[in-house]
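Data block below; observations after.
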């Protein structure tokens, strides 16, 4: 595990972007799974600026790693969010975007195997220790890419309701997510987090017990795991 | 996980040897941790025959991954066993053998990091699911290379008594072992097993839950995990 | 460069087979380009024996690296030879065989790039220093996969006549071959050679000048180049 | 080969820095050989700024790849220049700096082999096509790390006179440089260049013949070769 501590959100975002760019600038097809959500917001702004000024990096294949479908819409919550924050303003063409959704998920791992696996996956961490859609209580370390039911936890309906924007009719029966086993197979796992409210879970996930109660703790076992934090998120670590 | 099933112990041994040779024949320093015990007996006989006929493979660095000290003797149970079965008859010079013992274990992981990590580790599996010295009840997934005390389990004294040859005076206070975290950092994990009596634990370790009760189950999460079995050991698997 | 010297053709064949098996036994898709001709004959016999006894290694994708078409026949000289010696007796299904021919060669490098490149290429060496179809006089180090014309050298008609079995009507206008640049992009290059008559060119290719007059000399620059020789082929080397 | 074209020197410098940072931010020892000279000037300024703000990246081992000794001084021209531009202002401690000089050069390749090889080497290109100290006329593709004599070329005295600052008494008998063979063994080769006066040689080196007359042309054969150019340096390329 390599922990990089930056003074604030701005620098955490810049360093994470540099990490991704370091992967993208290679003389080969590069397969990256990237996160949606609020943590990467500033990073995608920076990345969009970088992309605007240079020859398109057509060697990069992008993947989402979880998805919540919204009714019959073409794109779910995650890809919709990624398109808005990054793919559209950076001008990434659709053929470089490999959508994972509740319809095609059974072919996902075979596809990744065929192209030689993910070069890197960029993940955030929830205050409960979840990564991708792997919440404590519904996640076993051996889980692969799979459907998770709205009925799997008492609280899951509300979690999904929030994600789909508050309309109960849009809460789906299932969402899809890569599992701990799938993510562990990536060549590099990059996690980033910022802010005081992440400090306690960062301490647990990185320096606590490896346990399914804190799904992200599994990455202590990954051979190439890089964590980028701002000083607040790192404030409870023993270093 | 790649499972290779051979018809018997002889062929399991040959295939495992081919796997190791495939690593050794490379134009680089190759770092291999290898197992002592009864499973590899035939494999080492074959490997000794191969080694006798060819230019020495001076690019290979060998490591043991656990050790039980015997009084003040220079080599413990594991290295003594490896010397007898393999290093001595194959004529491997001492400078290619990196001994891990209870005195130098704190430097082990830094050394491995410096040389770029283990290219592969060859492990067996116990009927209780242990690998290296990682027995159920004393092993947490987050453990690194460490001492394990004779007092860590009620049954441990008898386990060690058996290993040191039956003389209670030779039972040490501690043995040393690489932990699950250390082994997960190897670039490839190769496990082999043979015989009916391993069938039940092979089923559990490879297709059961990932749990500290079956320490070897963690390798379901390793990105490059190869298992060589004879038909008996594989007989309970769903394939 | 790693040079492995075996006492005779039998052992050279066995070691080369072990090298290939070491690649094949991996928990990933493995992409191997392999040679036809007389050098590999015994090796394929051994490999066929190995394959017959084990679960099929469906993760291996095979490629030929050059081809001489024969009239309107489906397979040319190289693939025909590989089928006879290896693919058919070993029971390798067609979906694991990626034929390179004069019709599809323009897509070859893009395909290899998509799957992450060749894991290894096994090549022989001609007494003139050629590898694949890269003969001195028609080969530039910068050449990629390309057509070579029967008119490219005065002697080429006779070379091809011999390859297609002596019927002048079957001598094609062009053959196809991977070039030095394409082969240098493989992750590992394995060369093997046996017999007194290869000793002089082996000395030149491995320890002489890097020059287009000896196309195989370029592999002195490859970061992972393994050479398996019998004692006769190695007899002129300074070691 | 991957060519990245940036609009100007500033952006070329930033992208090259991002490439290096992408290597450095890894959970392993990273071995980087980096260039002195005028091309990297702005890049090192940017890198120094980055380094000042973050936890030291103690996992990075730096190497120079050529050196011209100056009398009895501890550091030669290259390391002196690197210290001034980068190591000193960035606060890189001496134990992370692996000096190659005319005294220790015979151990250089063995050391690199032991640590698993260079992860990347960053090189510039001269208007004559040279890289490191590999000038046309004194460089064979098969050369390794070696001494080059002041007498090797008629013009060499003047070249060295210029490098040591104009005092003829400081012109050494030999300088040391990694050769084409040594550099080809790096896992990634990164070349950068800017300005109109580099346009002609960039065209030759990247799209011309692979020939010892243009030593840098050899990298067309490297499996992971990345080139960062400003628009002027790229202006003669066919793209």
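Each chain carries a letter (A, B, C and D) given by its place in the written order, and its residues are counted from 1.
Quick note on the criterion: a contact is a pair of C-beta atoms (placed from the backbone, for glycine too) under 8 Å apart; a residue touches a chain by one contact, two chains touch by 3 or more.
This is a predicted model, so every value here is computed, not measured.
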For subunit D, the least number of touch steps when starting out from subunit B: 1
Pair with more cross-chain C-beta pairs in contact, given B-C and A-C: B-C
Proportion of interface numbers common to subunit C and subunit D (over half same, under half different): same
Centre-of-Cα separation between subunit C and subunit B, whole angstrom: 36
Chain centre separation in whole Å, for subunit C relative to subunit A (CA means): 42
Per-residue overlap in subunit C, given as positions that touch at least 2 other chains: 28, 117, 223
Touching residues (chain side subunit D, partner subunit B) in the complex: 28-29, 113-117
In the complex, subunit B residues that touch subunit C: 1-7, 11, 15, 18-23, 25-28, 53-55, 59, 188, 223-226, 228
Complex contacts: residues of subunit C adjacent to subunit D: 117, 140-142, 180-181, 184-187, 209-210, 217-218, 220-223
